[in-house]
Structures are given as structure tokens and as C-alpha cells.
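Presented sequentially are two complexes of chain A, the first with chain B as partner and the second with chain C.
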Partner chain A sequence: MTDNNIDNKTATTGLVAELQEFRDEVITRYPKKVAKKRAKAIVLSDPETPPEILANVRTIPGIITQRGCTYAGCKGVVLGPTRDIVNITHGPIGCGFYSWLTRRNQTKPVDENDSNFITYCFSTDMQDSNIVFGGEEKLKQAIREAYELFHPKAIAVFSTCPVGLIGDDVHRVSRQMKEEIGNGINIFGFSCEGYRGVSQSAGHHIANNGLFKNLIGRDDEVRGSLKYRVNLLGEYNIGGDAFELERVFEKCGIHLIATFSGNSNIQKFENAHTADLNMVMCHRSINYVAEMMETAFGIPWIKVQPIGARSTAKMLRKIAQYFGAKELADKVEEVIAEEMIPVEKAREEALKRTKGKLAMLFVGGSRAHHYQDLFEELGMATVAAGYEFGHRDDYEGRRVIPTIQIDADSRNIEEITVAQDATRYKPRKTEDELKALEAEGMEFNEYHGLMAQMEKGMLVIDDLSHYEMEKLIEKYHPDVFCAGIKEKFCVQKMGIPLKQLHNYDAGGPYAGFKGAINFYKDIEMMVGASIWKELKAPWESEDYIEATFVY
Partner chain B sequence: MLLRHTTEKEIDRKALTINPAKTCQPVGAMYAALGLHGCLPHSHGSQGCCSYHRSALTRHFKEPVMAATSSFSEGSSVFGGSSNLVTAIETIFTVYEPDIIAVHTTCLSETIGDDLTQIVSKAKEEGKVPDGKLVIHCNTPSYVGTHITGYSNQVSAFVKFFSTTTPKKRNVVNLVAGWMEPSDMREIKRIAKIMEARTILFPDMSGVLDSPLTGKFEMYPPGGTTVQELIATGDSKFTIGLGAYSTEDACVKLENKCKIKFEVMEIPIGLKATDRFITSLSRHANVPVPDELTKERGRLVDLIADNSKYFYGKRVALYGDPDTLIPLVEFLLTLDMRPVYIVTGTPGKHFDESMKELLSKKIPEAKYKSGERADMFQLHQWIKQEPVDLLIGNTYGKYIARDENIPFVRYGFPIADRPGHNYFPHVGYVGSTNLAIQLLEKLLDYQDRNCEEEKVEFQM
Partner chain C sequence: MKMDKKTLNINPVNAFSSEAGTTNACKQCAPLGACAAFKGIEGTVPMLHGSQGCATYIRRYLISHFREPIDIASSNFSEETTIFGGNRNFNTGIDNIISQYHPKVIAIASTCLSETIGEDVQRLINEYREIHAGNKQLPEMIFASTPSYSGTHYEGFHEAVFATVKALAKGSEKTGEHINLFGNFISPEDIRHLKEIVADFGIDATLFPDYSDTLDGASWETYQRISEGGTSLEALQRCGSALLSIELGHILNSGNNRTIKRNTSTQSAGEYLQNKFNVVCKRMGLPLGIRETDKLFALLSEITHRPAPEKYRRQRGRLVDLYIDGHKYVSGKKAVIYGEEDLVVALATFASETGLKPVLCATGGESGRLRNTLKETLGEMYNDEIIVGQGMSFDQMESCIFQANLQPDLLLGNSKGYYIARKLDIPLVRTGFPIHDRIGAQHNRTLCYEGATILFETIVNTLLDYKQNKSPVGYKYM
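Our next item is the complex of A and B:
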């Protein structure tokens, strides 16, 4: 692959000045206080010295936001993809209903006896009497009934808004029921009431804490190959992404112990501490687990980005470098060489239609960054991007973490103190080995953030509002806009195709090598779809000449 | 198997709902508010509620669904959401410029006891509501009733805030639309038009949630009942409520407020419910039934007669909302089908009584259940105990249909995996014909695909 093919600079020259203007213009519409806040959330990227961006702060009431709630981040995102936990939503029916099968977390039970509760929705369906008199008894009974019906290995309880307000203690109830049911069942609760944070992000953190406290490290048995044992963190198997990455790892002889949490089961979580390397994919939603596992068990973590074929290859080379085995490095190169043949073929085909086109990405907490790799491969420039629930470190890099002010909303979230495990802490690499790897260019505990990748002067907007989105599109007419379901049809009404990067428009996988091919094809199809040329009826066009009958 | 843990053995559940046949109030309020022209629904609660409701409605309609939120934080949950709502009102009128904001509550703001009347007055006093702009509100606690209750509460709020009686009575019939598709509303308006009946339909999502793709996004599309029309409902002669659960409360409120008599009937799905609707509209609007409608009826009867052998005796399981299930069951009986299992998560006596009346003689083996724990898990267990030939309900049914290999017709909310429901109606004679054809298609496709080769028929 030559870099000439993917040089987008020419496509964006001239845009930069306009983008600056855009920021100044768009905020004039807001009430003063709102404008002040939004001005800090809209910045122009500089990969050398990323500017400070206002992120992970409350959305101003009334702003039409992409964001969801803490419950969605905890139950929906992090715990949702695990197939053998009975996830009971403690609350009125809605929250459980809306998070039922709506995130496309695929899972593949190993055989017909394996559990899979992902297709089910479990709820205590709280009624007004439960709000008035408390819902703990109903929750206990619901847990008993779930056990009687399904005999699961684990039950997790998720709190919704009213639960926190009326003071139901889901943790106590979980402990009591664990004792009552016995039989080795694991029952644990999450205080993930929707109002707890400013977005889904708080829910990720709460889920990470719960994973660490209740699941990770409960099973010490070392299974399978002792070589090249890794975990993949922050990969949720949307559209089968985890399946593709599992395939690639297996082909390379890399032993994947656990994925958090795509296509996962309880045993994988419990056994995850037997891996020798943690790879963080979605930094936002899972970096806490990586940190805690390093402190407790001595497993180093690196940031990976297996979205895009070149980025996937880069990840594999990093793994080989970490383990320092020639056998693995050779195998990885062999796999990359083989996989890249169809990838390049598909890319060249797609480039004919995609090269020079413009993309905008406003989604999630890592996808707005990762998918820029795929657009680069397609010769498309990302001229504006931002996260729905990212923090400053996701934009500016982890180096800013010590300078981030902890506000009231972050303080709400439990910080658990993790210490070295007395018996199981085992540094996977000596200090010298780590230093040597760092000298070779490997980076541990590091993420440089979205802005490090974006061209200087491109727009970066946190928590994009509907108004800003409309203005962006009116002004720049991108060839494809990436966001979620709520934005999808607004944008398409404007005649611009929208690629959903939460659910992939029922497509995917987009990770790994085969994923890249799928993405090239889908974007090529979108930007080239015939229907976008048919928005006006013939009689609505300017050169339509009205004919009249002459009698 | 997709639902591999479902077995035929039932236990007496008292607390756990599994695979609900309902969702919560606010989404219904949001849907109904979209049927008011120039209105931006507003969810007073956590961001997640608004996000979930917009997503659910968007997946179903594949259309923009605009709504704002009070974005509660922990602080607002402790100290009350008053300042959030006042700020929201200011932000919305400045940035998004609707004519009306329709605020609904959530379980969060209800539990902390926010008083919307007081908060909205405060916003007005502080000058946050520009002249000529309106803020209306309703209470939709998620822990009472279901999405249908929320819909009903929003529709009642339209009456409460707008319907006004003046000395000048008009020969107009109010039609209160229960939870149905925009296509259904469009069809009801078409029927009224060809009858030359003067009507006001509210709410009206046609033109809002089935808008054309033009290259221009319109935040407030041309559809929706206007405020002027809603005010005028107070001078109408009569009100017909379509669907007891979603419209009766509004009808009662309108009678109390403006002394307008009303009749609540089923949503006109199927032959008989349509007969009753047309008869009632003809009577109250004082217009004859045009031949055109009689012909439409005749075509529906013709279709059923031509295909009766394929309908006859087929066992059907249904789940969804009571206002559509009741006329659907009645229609299935007209087709000589056997609706044997019916569940709705929405509680209320009317459903149970209607089922008893419709089914006790004709289908003595029928099982039906409403309210808490009347869920799709139980319905599936019944199907496991004794199978059915057809399943009718929202997209969540596809998992049962695939596991049990049952023909499946999508009906209700949400339908997240097929388009068309907001384009083609299921009400009136034309809509019922459309529905009967859908049922037939599924039954006949199933037969074509599953029968022995020598039994494949060219002509059916």
C-alpha cells in the first residue's frame, strides 16, 4: 500500500479557514451561557499540540443530544454482550425493554447446552406500590424465580433511576440472595441509575468496577496454550467484530483468553487474569479494567485499534513484538501478507468511488477515532469528528489525565482501590524488558487520543447537538456522515447518507481484515447509491420547461 | 435455538417479567406529541429516557424523531428538576424554535415529585416562553400503566390545554386516534373525506412520521393536528374515540370540559369494527355512506370468501396492545381463524371482558392474560404446550417464530426489522384487505415451502 493513495491533504486545503468560521458562527444561536460552554467543546484539531476540549461535562438541558444514560453504559454496553448472565433490570419496565436486543451484540453458544440469555429481557417491572413501599422484596422474589426457571451461573442486577431515589440496596439484596440460593451461584448488583453521570460513560466505569470486584480472577486454572496469552478489552461484538478478531488471532496462534465483552461468558472473565497482555480497543469504556488488572496481577496493557486493515496488521505486529518470539513474528507476517491480498483488491475497487470524498464522524467514545483509519484507507478525509461520551484523554491523550478536574458528576462514581494481589501478582515483563520494548517504540498504558490522528485545522466537537449537526451538514455537505440511529434519518432527509457506527446498519463485521473489506463495500455502496440523485422530481428541476398543449 | 431457555413448564411468577409485551409511559407521550403540528416533545428526566424513546420510535418508523430532555444529573435528582426544565425551555425556544413544547415526566421526576404546573409557570414568569409560544405538560410515571397509558395521558393533555367551547357549535365530529400508525390515520382521514364528514383527527402523525425525502430536513414537518384545530374540538358536535385504552380518558375530559357527547369504539381493524366506525361516523356527522365505501367493503368480503379455506381453523397467537388486539381478535374470528393465545402487558378490565365476550363461546380453549407478567415468555410457553399456526405481533416475535417455525405477521410496536407499516394501513376496509392479504401471504408461503414436493400447488 502506498501512502499516495491515501493522501487526503489536497481534499481539505481551503476547508480549514471555513471550519474556523463555522465554530464562531454556530455558537451565536445559543443563549449566552450555552454559547460559552459550547465554544469550549468545539475546537480545531492540532495533532502536534492538541488543544484543550471541554468533554465529559453535563449536557445543557434542552439541547438535543446524542447521549444516553449511565444504565445504558453499564447494562447495555459493557455487561450486555455476555451470554450466560441473567441480567435483571430493577425498575419500571421501560429500561429493560429498550435495552433488549437493541445493540446487536452477537454471541455464539459453544453447543446446545451452552447458555444464552441475550435474547431475553428480565425486569422487576416496578409498579407504584414498589416505589412507595420499596422494591427489595420484589427484586428478591424475581431473583428466586429467575433461578428456579433457568438455574444460571450468575445473575446481575441493574438499578434504574427510581431505585436509587427510594433507597433499594441492590448490593445487599444480591448478597442475601447469593447466600439464600447457594449452589455456587454468583449474584451481584450495579448502582447504575441513569442520572448518575453525564452520559453512558459513568455506566462504563461502574460496570468496570463490578467486573473487577465480582468476576475477574475467580478461576486460576490455566487452560490451553501457555504461549501468547492475551485479552481483548473494549470489543463488544457488534455485527460479529469479535468473531473476526477471534479468527485472526487463532490464525496467528495467539491465544485469546477473554474478550470484554463481545461473545464472552462468565468463565472467560473469571479466567482473564491468566493472560500475559491486555489490549485495549475502546479506551473509554474499559480502560479502568486494564488499569486494575495491571495493578493487581501485573499484566501490562497496550492500546490497539483493529478497525482498518493496516491498523489490524499494526496490532498483530505489536503483539509479536511484545512476546518477542520470532516464530510468532513470522506467523503474523505470513497472516498479514495473506489477508492483505483480498483487502487490497477490495480497497482498490472501492477507491474508484470513494477517493477524495469527505466524511464526518460523531459517535461513541472510540469509534469516531478508530473509523478514521478505515476512511483513510478509502482515501476519504475526516473533516469533523467528535465523541458522544468521550473524556478529554480520549481527545487529547492520556497525558492530560492528571490535569482533568474531577467535578461533582465524576465524584459520584465509586472509585475502587485496587492493590497488588498477595499471591497472584506477577509482573509479565521485568522493568528492563519493558524499557527495552519502549526503546523499540512500544507504548504501554498510553493512548494518544483522536486529535493526534486528525489533520491540523479539522473540527473536533464534543457532544454534538442536533443544531450543530444540521449546520455542519448544510455547510459542508459531507459525502457520508457517521452517527447513530437518532441522527440517521434527519441526516438522510438532507440527502446525505448516514452510516450508523453503533449498529452498522445491520452490517458488519467491520473489525479486522474481513471487516475492512465489508466496510469498503458498504461505504462504496452508500456514497455511490443511485437514489441520492433522484431527490427532485423532473418538474422541480431548474431547467424544467413547462410545455402547454396548443389546441 | 434463540430462546433456548424457554420450556413449556410454567411456574407461578409473582415478580419477574420476562420478555414484556409492553413498555413504559413516556414513549407513548412522546409519540402522541409528535402528532401535534409544530411541537417538540420534551422528556423531563434522565437523558437516557429521551434517548431510548427516540431510538425506539426511530427504529420503528425509520423517520426523524425529535425530542429534547431535561438531562437530569444526580444533583437535580436530589434537589428537584425545576432549574433543568426552566433552562431547557429557554434553550429549546432559542435554538430549536418549536411553536409548542409538550413536556412529559419520567419515573425519575415523578419519584422526586416535580410539579410541572409550577415549574412551567416559573418559566413563564421568568420570560423564558416567548409570546405566542406554548408549553403543555402531562404526567407519565413509568411505574403506572404502560406506553398506552402515556399515549392516553398526552392526548388528554391536548384536551386539557386546548379544547375550548364557544357559543358557536359546529357540525364537526372529533376523531381521537388511538395508538395506530400514520398510515392508519391517513386512511381514516381518507374515509372521512369520501364520506364528506367534517372531522378533526387528533393526534395525527401522518405527514410527520412518513415524510418524503426531499433533500431538506424539516424539524417540524407539515403534518400534525394544529393548535387551532385542537381549540376547535371544543365546538364539535360529537367525539368518536378509537381505542378505549388510548382515547377514552380524552373523550371523558372533553365531555366534562366542553359538554360534547362521545362514543368510544374499537380501532377500525377488520370488517365488523370498520362497519361500526362507518355507521357511527355516518350517523354523527349526518352524512350518508357513499357507494365507494360499500364497494371497498365488498372487495374485502370477496377476498375473504375466496380464501376462506386457508384461514379456517388456523390457530393464532397474538401479543401487543389492547386497543389493536381486541379488533384484531374480532377480525380473526370473522376469518374463521382461532385466536387461542392473546397477551398484553397493558392492564385493564376492558381487554379481559372483550376477550371473554368474543372468545368464550367460539374458542373455549383460548387463553388470554393482561397486565403485569402477561408477557411473551408466557405466550411462548403456551405455544410450546400446544402449537399455533400463526403468530402476530411486534418484531420481538421473530425469535419465537424462528424457534418454533411458525409463520409470523408483524403488527404493533416496535417493528424494527421491516418497513411498510407506516405506509400501508391496517384500518378500514382497504387496510383490513391489506392485513388479510399479509396473513394469507405468510400462511401460503409457509405451505409452499414446507409441504411435500408432490403437494406443491400451482393454483391456490
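Our next item is the complex of A and C:
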């Protein structure tokens, strides 16, 4: 549900009936058993009463999926971007190598003494003898050497598939090494073997538990003089997104204690519980931390989506509303007014080419939702969208959480019980204050999901298969298709530009105000690029007329 | 790490030893190499038997180099599968690939996961065939054993080449006129060039693996489930009756002989055909630079009893001419060369003949044969001062460069050397795999006379550009 006046309806009129037809057609093409499953994963959106969707269930073997593994979610996504933890991948070389800065996370050490290990790829590089005789000794040696070389404040160990099978205990090794090395070093392990979950999502959960158990709340010092203290959760600083948001917060006089985990360091995590508000950006990958911090420390959380200029403004206003300070509200309005001038100029320029065009988004666990804001600003309609590794709540809203079935795959993930912190639990707002804020329209612990934003009748598909993607493109020829590099070249072979929303095709940032301008320009360029017209050689075109010589 | 220290006493303190871990590895895992090779068979869908993450990571990594669609299926192991075995997932996976893709071949590679639980993939294939014995349309199934904890992507590549030939090649009483050309892990452009050369000699050759179209295609009119191109099944079947095989590369998958898992000795495709069907196998290095290319052309002339076509004589002539023009800018310049073992040998040979001095030849591979192969290939150009690093990581290369005070002028290898080049403030000329910070890796031509021409020009111009940019006065004439 959009709060702006951009009209995309014209683009989608008449599509609704067609999309229904499309859905039925695609499903009937599958073998019976597969069709039954896919029918539940392909639904037509209804923002008022979102239909139930099948999500976060195992991909069928042999179907080419966009999804990655548990290790990728834990090491690659959540803990990868932190610069001063030495992340050691315990396993054969592949996993560590393929997650070696491939998500374009950026980080900015504050000075020369600040560590930055994210350009390194540490792996125990297990060999067959380690598989046969166990790899714990090798891991210990790797930890010792990593310590000797870098003297990091923390070392994290990530398990890959064979580790779980041969029974190496990364947690025990971590404890032993922590004791052996001493000097206040923090060493912790993650049981994030690739086979453990349905997708990356299991790894996010495992990483969240680890963050809470091993890092959050270890440093109580309240730093800085600014009154408005917040954390941003689920922002990974791809292409510099976090830098732009940091800039905006600073300009408004808001103290960003910690970002989980773009441009982050250990101290920020350890100190995060001194904030007064948690803002959840990527709900899928980090909502667990928000909940745990609320239970333990009394910090409320709200959902934000600072992708899109208007959405960024909305986030800032929410923060001002939460703190209830006129001074902050005035500053926020001043910043928004100033920032929106170049934004509107760029938007109007882009609109000439983008208005009325169609977009499809199949990416991530929140990006397929957030980027719809940017497309709305560009006057483009999102006619089909879905996540790679979202759960039902990411589609239908958190209200469905109690009804989500727990299956064997979710049981694989450790559930940690969090209690109120005996000394540090301090509700940031009284019950009455929270009620008053809710009466004003603020929502706590709430996320309405992707379907609440999509127009009625649009297609929502979970874990889009290659086949479905091909059919979507064949039928609708969207003006831009958003996904990742694995899909990029299939889509482009069919003459449709693909925008990578995992790594931004080396572009970005796309968050905040300046990010929005970048995105407008990039999409304008993509939908207007003339190269697509050259796909067919003139002699292949049907209306090619051979010249004749006239006397 | 096994680093030869003939003349220098290097103690790489800033590096992990092999007892511990590896920092910034100069290798990828074996299933990746296998998938690349499998893309060189016509009508093939590769499948990884293991966790879905392997297929996803490997797809995204290969795609970021080749910039082409690459579908790799997975048997999507769950925790349950790891306990009870993967046969159900295997069968479902194969069923779904067949129904979606109708492939001619399903090429399966194992992963650390399936190898650790001791999955017998060949048995799974046999069982699947038995169940579907009545089905005449059943695709061929090929299996390469590629546990990620054994060897590198390079061994994986050649295991897959060997496994394919083993599964498909048939003998014949009559030796044919055709030859087999095993082309190694080279760029699609180099594959095309090799095919052009043998065709110009009038040779009926089967180049395998041929991913020159599957991994470097044009736009599509309609969507293709399986990209067009690849070595055909018929061509692979007749490998067993070929006149001879030419195998480019000396080391290939021989590094696998050093691992404890394999109690039988590893063979290359050429060796297998020689042992099984008496197809003579001619081994030579990658034809990079004049000396090694001359050897290939001499062999092709010998086979066909005809001189090299005029086109190539002229190409060779132009290359010599270019070396003469450019050698003064590279002579004595020091190069660090790294990558897969046979590529390192080839690049070092090429560099040496142009006057560039290889000071460090490093590889993540551990065949134990790099120094000797270098010695043999370089001949009188070899000198003991070249530091040869086997099982080396980028981190070890870096500390070696500093500690031995190598002061290189140039890095020659894949994109992953970027951090070293940045730290040393020297240029990096990208070649090999992976190249994911530049476009056009699929069109990198380095082989034979034309390839050397392009590579030499790139190197000289890179050095000139560097010098020009660093010049305090600036000049526009040289």
C-alpha cells in the first residue's frame, strides 16, 4: 500500500485475468506431484487478505533453484561483512573461496589501527586425511596461526558439510582455543553445515543466535553525546548502502550505534544493546536478533525499508515520531526537504523513460519487496515478485507466524531461550507510551510482508524455478527483470535487461536518498538502452526490404 | 606448503603452513572444474550429488567468469539424506532433469558431502538404469569422482574429461583417420582457435571438452534449456578408434595420485585411451608462445604430411616481428606467474622466450611435478633462481615476494592476484580463471601464434601504460 501519488494502475489494467491464466497454465505443465507443490507456491496477491503461500520448504532435487545453503547465509551474508572478526571456514577449499567477498560488502576502517579482514579468505582447506582422521587439530592450528598473525579480537569458525558428518566439534574447539589463547579473545563456532536447512535462511537464524550469544551486550559503555540512539538490522552494505544511510542519520543527528552487519565491527555489536530503538530492514535475515534484544534488554523494534527516497523519508519520520522530540522532527523535515530536491529532479528526468514500464523481482528475502518502492517512484509496476529464501511471514505478514508449521528442517536449527537480562533490562517506553505511539499509527514488532504492498491480482512466486522464469519472460517481456547473477544471462539471452539486486552489477549504493538517484539513473539507462534493438540482424527481421535499383 | 628454496632461505612467517589453514587460496574445489568440463559435452546437464549450496556457489562462480547461463542441478541433500543416503534424492533429481531438459547426457560429479558419507554414485546410476531398463530414451550418465577435499578444480576438470571418455569411448577394430584433441581448461576463444587450426590442416579432430559455444553463445531467438554446442556423443564414442590423441598439458590430474583416497592410480583421458584402446597419446604443453606452438604445428605437420598452412606461417612471422619490436620493453622485467599448474608452465615458457623473467611460479595445485615440468619445458631458459611454489596461496605468494625481495614488475594470472598487485602498485595482466573483475574473459585468446601476439601486446602495453602514468613529465612518443 503506497502512500504516494504515483499511479501505476494504468500499466497493470487488464493484466490480472491474464496472470491468473498464466499461473494455471504453468502449473499444469509440471508432473502431478511437482504441480501440487508448485500450485501452493504460486499465488495471486491480495493486499487485503493475502493468500497462504508455500514457502521455506525444500527445493525438489533436479529443479534448478536460486537458493544457496546454510553456510552461505551464516558466513556469507550475516557475519561476512564485519571487518575485525577473522572468519575461518572449516572445510574443503571451495566454500571459503566462493564466499570470498563475492557479495560486494564494503567496509571502512576508521583509522590505520582498525583491522579489516574481509579482504581475506581463511579456510582450513581440509584434505582427505582430515576427513578420515578428523580436522579438529588442523582447525586448532589454523586458529593459533590466525591469532599469531593478526591478533584479532575475535575469531569465528564456520562449519561446512563434511564437518558435521565427521563429527568435528567446532564449538568445543572454539572454547578450548579461547582458553588456550586467552588475552580476552573471543572465539566462537557456528554449526552451519550446508545441508542443514532449506536455504540460506537457516544460516541467518544460526548466525543470529551466535551474534546474540557471543557478541551482543558485552560492552555497556554509553558512547557519544547524541540522544537518539538506534540500531539498523539487516543492512549489509552492498555497494555502499550503509555508508549512505550512515550519512543520512548523521545529518539528522541520529546516533547509529550498530548496523547488523554492514560496515560493522565487534565493538558495535557488543555495544548495540545501549540503543533505544531497533530498526529491522531485512526482516528475514535478522528479525531473530531484534526479538531477542527486545526480550533481553527491552528495546522495541520497528520495520523500516529505506530503499527508495520516499521510504527513506518515511523511516526518518518514524524515528522522530518514536523519540517524540520536536527538535529531531524539525531536523528530519529539514533534511528530507533538502535531500528531496535533487531526488525529485533525477526522478522526473528518469520518469520520462520509465513510466508505465513493467518490472519483475525475484530476489532475496526482502529485496523483492523493498525494491518495489523504488519502482513505484519510477512509475513502474511490479507484476510478479517472489523471494529465494523468504518464509510465509515475509509474504503474508507476521500475523501468520503462529500458524507456520514446524518441519524437520526448522527443527535442525537451535532455538535459544532468551530471558530478561537481570540488570540491564530496561523498557525504553512504558506500556502507555507504546500504546499512544500505536494510536498515532506506529507499529511495533510488525511486518506486513510483500503481498500487502502488491496490487491485487499480481503474481507472487516463491523459489522461482528456471522453467517458471522462462515462461514469465516469454509471456510478459518485462522491461526489467531483477534477480542475481545466476539468472542474469538466461534473462538477457532472451532480450530482457536484468538488474542484479544482490551485487548491483558493480553499481550502487541504492539505499537512502543518493542511492535512489543512482537507482533511477541505472534503471533509466537499462530500460532505454539501445543495444536491445540490435539483437536481430537486419536480414533476420521480417519486414526487411531488399533495396532495388531504380533506373 | 611445499616451496622450493634453491637459492633463497625463505621463512614465510606471514603465512599458514600446510598443517594449519590456507589464507587466500589460489585454487577452487574439484566439482567446479568438473562442471566446466561437463559443459563441453553436447546436450549435457551437469548435476552435483550433494548439498544445493555447491551447485549454487559453483554456478555463480563460473557464471561470473563466462557471463553465460550455466545450469547445474543438485540432488539437494538434507540432513536426513546425509544419514540415510542419497539414492532417493538422486533418483528424483535425475527424473526431474530428464522431464525438464530432455538431455542427451546427465553428467554427475560428487562433492565432499556425498564422498564423505561414502556414496557409490556409479551404483546409483546402475540402479537407475535398471529401474528404467525399458526406457530407450534414457540419457547417457557419466560420473566423475570429485571430492572437494582432494585436489583442486584443475584435477576436477581433468577427472571429468577422463570420466567422460571412459564412459563413452568405444573401441573399433579399424583405426580411424581422426584424432582426439584434449584441449585443457582454456578459454572458449582458444578452443575456437584450436579447432580452426586443426581444420586448416584438414584434420578430422574431436576437440574435447568443447564449451566454445555452450559457455560463449550469442543471443537466443527462443529460450534454450541446454545451450547449443559441445563435443557430440558420436565424436566422443569414436575416441577409442582414433589415430592418436593429442593431450595439451603435462600435469593434468596427476596430482590426484598423491591423495590417500585413491588406491588406483589416476589416469588422464589420453592415457586411458592408450591403455584401453591402444590409441597413441602425444603429450605436449599448452601451445603458448612460439616454442610450444611450434611443437604443436610440427606434430600436426607430421600427422598430415603437409607443411603448416601459409596463414600460420604468416602469423608466426608477425609474432616474431612483434617480439623484436617489443622485447626491449619487457626484457629483464620480473614477472610473478600463478594459476593452474600447466598454465603456469605455459606462461613461464612464453614469458621467458620474450625476455620477461619469471621470478615466482606459484600454483595452488600439489602434483609435486611443477618444478620438473618447468625445467623440462623451459630447457636452457630455466634457471634455479625461479622460486617454484606448489600448494601456494596468495598470502604465501605475497610473503614470498616481500621476503625474497623479488620486486616484480608484473603479475600474470587470474583476478585473484589483485590485492597483491594493489599492494605492490604494479600491473596485473589477467589471464586464466577466474577473471571476474573484467569483461570478456571468454574471449581471451592466448594460444598459438595469434594468442601469443595478443598476450604479448597486452603485456608490453600494460608496462608502457604503467610507465607513462608514473612519468613525472609525461610523454607521448616512445
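The rule is short, and it goes like this: the second predicted complex is superposed on the first by the 538 of 551 C-alpha atoms of A that agree within 3 Å, B and C clash if a C-alpha of one lies under 4 Å from a C-alpha of the other, contacts with A are read in each partner's own complex, and residues count from 1 in each chain.
Note that in this section contacts are C-beta pairs under 8 Å (C-beta built on N, C-alpha and C of every residue); 3 or more make two chains touch, one makes a residue touch a chain.
Keep in mind that this is a model prediction, so the values were computed, not measured.
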Have a look at chain B and chain C on chain A after the superposition and call it: clash or fit. clash
Touching partner for A:115 - first (chain B), second (chain C), both, neither: first
Would you check which partner chain A:166 touches, where first means chain B only, second means chain C only, and both and neither mean what they say? both
Now for A:72: first (chain B), second (chain C), both, or neither, which partner does it touch? both
Please indicate which partner A:142 is in contact with in the superposed arrangement: first for chain B, second for chain C, both, or neither. both
Taking the stated contact definition, name every residue in chain A that is touched by chain B in one complex and by chain C in the other, in rising order. 31, 34, 58-72, 88, 91-100, 102, 119-128, 130-131, 138-139, 141-142, 144-146, 149, 160-162, 164-166, 193-196, 408-409, 412, 466-467, 470, 484-486, 488-490, 493-495, 535
In the complex formed with chain A, which residues of chain B make contact? 1-5, 11, 13-20, 22-27, 42, 45-49, 51-56, 58-59, 62-77, 84-85, 87-92, 94-96, 106-108, 111-112, 141-144, 146, 211, 213-218, 345, 372-373, 377, 396, 399, 416
Listed in rising order, chain C residues that touch chain A in their complex are 14, 16-17, 19-25, 27-29, 31-32, 47, 50-61, 63-64, 67-82, 89-90, 92-97, 99-100, 111-113, 115-117, 147-150, 152, 217, 219-220, 222-224, 259-261, 364, 395, 419
Provide the residue numbers of chain A that touch chain C in the complex, in ascending order. 31, 34, 58-72, 88, 91-100, 102, 119-132, 138-139, 141-142, 144-146, 149, 160-162, 164-166, 193-196, 408-409, 412, 466-467, 470, 473-474, 484-486, 488-490, 493-495, 535
Taking the touch rule as given, give the residues of chain A at its contact with chain B in the complex, in rising order. 29-31, 34, 58-72, 88, 91-102, 109, 112, 115-117, 119-128, 130-131, 138-142, 144-146, 148-150, 160-162, 164-166, 193-196, 198-199, 408-409, 412, 465-467, 470, 484-486, 488-495, 535-536
